[in-house]
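Heads up: the structure comes next, in structure tokens.
In order of appearance the chains are A, B, C and D, and numbering begins at 1 in each one.
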Amino acid sequence: MTTLLRTLALTLHYAGLFAVDRVDLNVQPGSVHALIGPNGAGKTTLFNLISGLVAPTEGTVLFRGLDVTSLPADRRTALGLARTFQTSRIFGAMTVLENVLTGLQPRCFAGLIATVLRTPAFYREERALVARARDTLHMVGLSARADLPAATLPHGEQRLLEIARAIAPEPALLLLDEPAAGMNPAETAALANLVRRIRDLGTSVLLVEHDMGFVMDISDAVTVLNFGRCIFQGTPAAARQAPEVMEAYLGQKVAARLAARAPRMTV
Amino acid sequence: MMRRCFVVLAAALTFGAGPALAEDTVPVGAIEILSGPSAAYGIAIRAGLELALDEVNVHGVLGGRKIALTIEDSAGLKDQAINAARKLIGRDKVIAIIGPTLSNEMFAVGPVTNERRIPTVGTSTTAVGVTAIGPFIFRTSLPEADVIPVTLKKAMSRGVKTIALVYANDDVFSKSGFDVMKAAAEKAGLNIVAIESFGSKDTDFSAQLTKIKALKPDAVGISALVEPTSGVLLQARQLGFGSETLFIGGNGANSPKLGEIAGAAADGLIVGSPWFIGKPDPANQQFVADFRKKYSKDPDQFAAQAFDALRIVAAAINRAGAADPVKLREALTQTTFSGVTGPFAFTAGRDPASAAGVVVLVMQGGKFGIAP
Amino acid sequence: MLAQQLINGVLLGASYALFALGFTLMFGVLRVINLTYGFYFSAGAFAALFLTRDAGLGIWAALPLAAVTAGLIAVALDWLLLAPLRRKRAPELASLMVTLGGVLALYSAATAILGPDIRRLPPGLVDGTVFELAGLRVATPQLFILVASFVLVGALVWLLNFTRLGLAIRAMAENPDAAGLMGIDTGRTAALVSFVAGCLAGAGGVLIGLNFNAIHPYMGESMMLRGFVVVIVGGLGDIRGALIAGLALGVVEVLTAGYVDSGLKEAVAFAILVAVLWTRPSGLFGRPALRRA
Amino acid sequence: MPEWLDDFLWTYQNLVHALGINGLLALSMYVVLAVGQLSLGQAAFMGLGAYSSVLLTLKLDLPFLAVLPLSCVAPVLFALAIGVPTLRLSGVYLAIATIGLGEVLRAVYLNVDWLGGALGLSGIPGRAESWMIFGLLGVAILALWAVGRSAIGRAMAAIREDETAAQVMGINLARYRLGALLASAVLAGLAGALGAHSSSFIGPNEYGFEPAVTILSFALLGGIGTPLGPVVGAWILTLLPEVLRGFSDLRLVFNGVIIVLAVLFLPEGLLALRMRRHAA
């Protein structure tokens, strides 16, 4: 199997700092891959580089075997790359259903003329889109909210809506930026199930998350960033043992103490 | 809700304001700029019209019927001027319209009134082509084509042989004045050494004036409204133009504001005018006195022209013998009148026939006097 | 003649630069294209008119008072129109629109109240001496503008780089959130920047009104269009860029009028604007000085 | 037709035309605002449509139904020239560039003799009929409504709300913005041609900065939730000076205040309507 997403020596030099420094990342198809590291390690920046919102100083992004480094964000989305944001960026003035329909943009083909003339083909496509959007809302458990203005949803549901919007077109890879932030334990557990289902339906997931329990629970692979550099790549179990990971997270002293007690990470 | 709004609006449009038409009045309309940046002209004209109305209605027309004058504001906007004309004709049933104020408003309003065969008399529209709009379009204001040659003749009598022309290229008044000035200068055999333009809101004319100064013309002709004309004069003095250069103003310079703004810099400028406040004939002195009494200020040329225009229309209504627009048109073409701007009659082209009333004025110490 | 034309150009350009200084300062710090700026210019000139004509003050007393008046108007307008949007973190277009509506209402209201006609400051306020050297002529009020534009650029650069207020302003220009976290009162700094910009505009209005003898409610609007060109060409927020761009624009306009066609004077200015937007939208001189300083 | 009705229609013909034309102009502002951009070039586009259509009528004597579509050509070309370089920049640049465009065009009209200079072009035959104006307005409203309730409308709404998120949805920002600007140019060009052929005279000062701001106030008064909002806004602001006497003095003050209040307090406009953004 070929690698779904590869970054080669991806670097972003910004204001005299290496925000992302020669990162080589490999995300395998059919996996949930976690990207962890302390605050300011460059995780979100790396997401922005991968999704095409920020242009790298150097390096290459390969997605499904294609060099997408110079493609703008919208073209990458069309190729099957989807993402959510750290602070949710739903379209508050639209309804929940319309948000998901907007996420289905890569599946919209009706041209301007067909749209204005309201051709049968236009209606067929529109019906298919709405059906798909309702299915997606059902999957994340927001069916009952379909016609509410998105801004009126509580925080946890807004996060789910953002995920629904991203997965509606069945992307090959979904980037989740701290999906569990601000969720209570029950919501987090449901989210873990959702992420697994997304993976099982054929969408690989690359996620940034601080809730280590959540990460260890659902990830197939873990990459650890610190100061913009990749310091570890491997399985969650191996990450748990790796001293350099703990050092990055906790500082050397604490790491040493915890290592002595065969630690379980619950940071 | 929306529907109710529209019903109310429609009602307002149908039955809204407008003078109650008594059977025995003769409705006449006027369209003038009463608001917005050019309001000064329309307000002067309104003053002249209302003063004339007082005088005319002492005896009335057609054996005692009063003229009901409805003055609409155009705000200097084309659309509002057209709406006003349509309202005056369609609702107030006027038999004649005085105005509108600006030539470009007339270009928009004239075709409408002409189509409806309502005589329309401009009192301040001096641009070329205004009366060519149609047989119902008249004007009492002397076109610049009649005034400028008189001014140039005066200049040439002072030995002017070369002239430079500057004008504001962005308003109708100044541009058409310039066209006339250029044609008149060519016809008079003057040597035009330079033609420069500026915007009527410009404040810096140094580049144009420096260029002209290097060419040393005997005279500089300025076609612009009074404010930029003042600006040109002030800056010309700064750049060292002295009394050896004769400045010649277009119609725009014919305003007491020139002295107020430009002060001593305007001294020596000459300008042709169809009217002059100091003209000694008794009719004019009476007008000036009445105007001062009613408004506590001096009339200007626009007020004087408007004052005559309404009285010319009244005379023509009497000649027509009926409040009928088509008969009025015929009557206007035959009316002769002696007003504060001098003896008056229309040419076959519906322009003023005589330029005999034109006087050449010279600015001295901030005031106009008759040029020696 | 060329020498006199170059002098004309520099003098005209100085008035453009003088006008644009506060405008570019406002943009650099507050990140807003504040279209009410032109109104402060008119307000300053009118304040000076009333102070000299009706209150009988001399020009040197009226100038600072007029500048401060314009500054206070600027603060009030910033508080009314822009501060609510800053609090809401509204997009920059909202600020542009609100100032657009505001300035239209202000100009039209001023015209309705004051009348549209052009006034001038009482003659004899300043010595109208014209200096003449080898046939080249410069009038005293023109020298004031030239000197004022250079002095004010110097003063602004000093204010920004060597004072506490300048430090706060620069921090805010760099990143308002971080500045807020560092304990800078961003609301107060914004008000101060508006005040300084308003004073600059007001002083410009007085000096330029004095030189061109033309004070009317819309005088700021006609300058505003030149202001855009200067600020974009110099780089939004770049104070030294504004000075250079202003002088250059003046010279280009004068040379166009003097040697090509005076009708094209205005078109050339805007052709430059469009060309710069095509090729170097961040201005001819690169990054804004405020953030570099 | 009874005489009074005939008189009534004749009296208000120009006003009725103005309602339709200003409605089209409001829509031309709406399409740009609908993708979160601000253009002050509508008046300039309108002027291009007006001048080019008048030249076609006066110099080539083409029939009006041929002139009308051709009047969109010049505005579209200028929209491309302005839009291509500026739309990749922040929205402020488009606003400034479009103001610049208006001024450059004004200088051109003033200085080119066969465009009449300050005297403008007069003697334009009154060929714009009410049915054309309102037919086009109706078609434009329906088309924009149809577009609003489709994937294209969702993309436009998404761009207006959050450009970055919209991009990540696979929406090509530049394409939509340019498309909106071109549609705006077409609508304004048509409005210009219709306006010129219903008032017999056009001049260079009718297409400057103030008309552009007035058009903006149409759209902001009505709100940009649906295409109807701006049209109603235009109608209110067109009728008001006719209904309220003495209002014309304060017309521009009022327009300005509307913009301020709309931005600060009523971002949805007077008619805070919103439309469903899907068709199934």
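Everything below uses one rule, namely that a residue touches a chain if its C-beta (ideal position, glycine included) is under 8 Å from a C-beta of that chain, and two chains touch if they have at least 3 such contacts.
Note that the coordinates shown come from a computational prediction; the quantities given were computed from them, not determined experimentally.
Looking at subunit B and subunit D, the chains in contact with each of them are C.
Here the chain at the heart of the structure, going by C-alpha means, is D.
Across C-D and B-C, the chain pair carrying more C-beta contacts is C-D.
Distance from subunit C peaks, on a Cα-centroid basis, for A. Subunit C and subunit D, compared by their mean Cα positions, are separated by 31 Å. Here the spacing of subunit A and subunit C, counted between their Cα centres, is 48 Å. Separating the centre of subunit A from that of subunit B, both taken as means of CA atoms, is a distance of 73 Å. For the pair subunit B and subunit C, the distance between C-alpha centroids works out to 37 Å.
The set of subunit B residues that touch two or more partner chains comprises 35-36, 169, 197.
Of all residues in subunit D, those touching 2 or more other chains are 110-111, 249, 251, listed in ascending order. Working note: touching chain pairs come out as A-D, B-C, B-D, C-D. Those residues of subunit D that touch subunit B in the complex are listed here as 7-8, 10-15, 18, 106, 110-111, 117-120, 122-123, 126, 199-201, 203-206, 232, 239, 241-243, 245, 248-249, 251. Contacts from subunit D toward subunit A in the complex involve residues 143, 146-147, 150-152, 154-155, 157-158, 161-162, 164-173, 179, 274, 276-280. If you check the complex, the residues on subunit D that touch subunit C are 36-38, 40, 82, 85-86, 89-93, 95-97, 99-101, 103-104, 107-108, 110-111, 209-210, 213, 216-217, 220, 249-260, 262-264, 267. Interface residues of subunit A facing subunit D in the complex, by the touch rule stated above, are 51, 53, 72-75, 77-78, 82-83, 85, 89-95, 97-98, 101-106, 108, 110, 112, 115-118, 122-123, 126-127, 129-130, 165, 169. By the touch rule above, subunit B contacts subunit C in their complex via residues 35-40, 169, 196-199, 201-204, 206-208, 210-211, 214, 227, 230-231, 234-235, 238-240, 257, 261-264.
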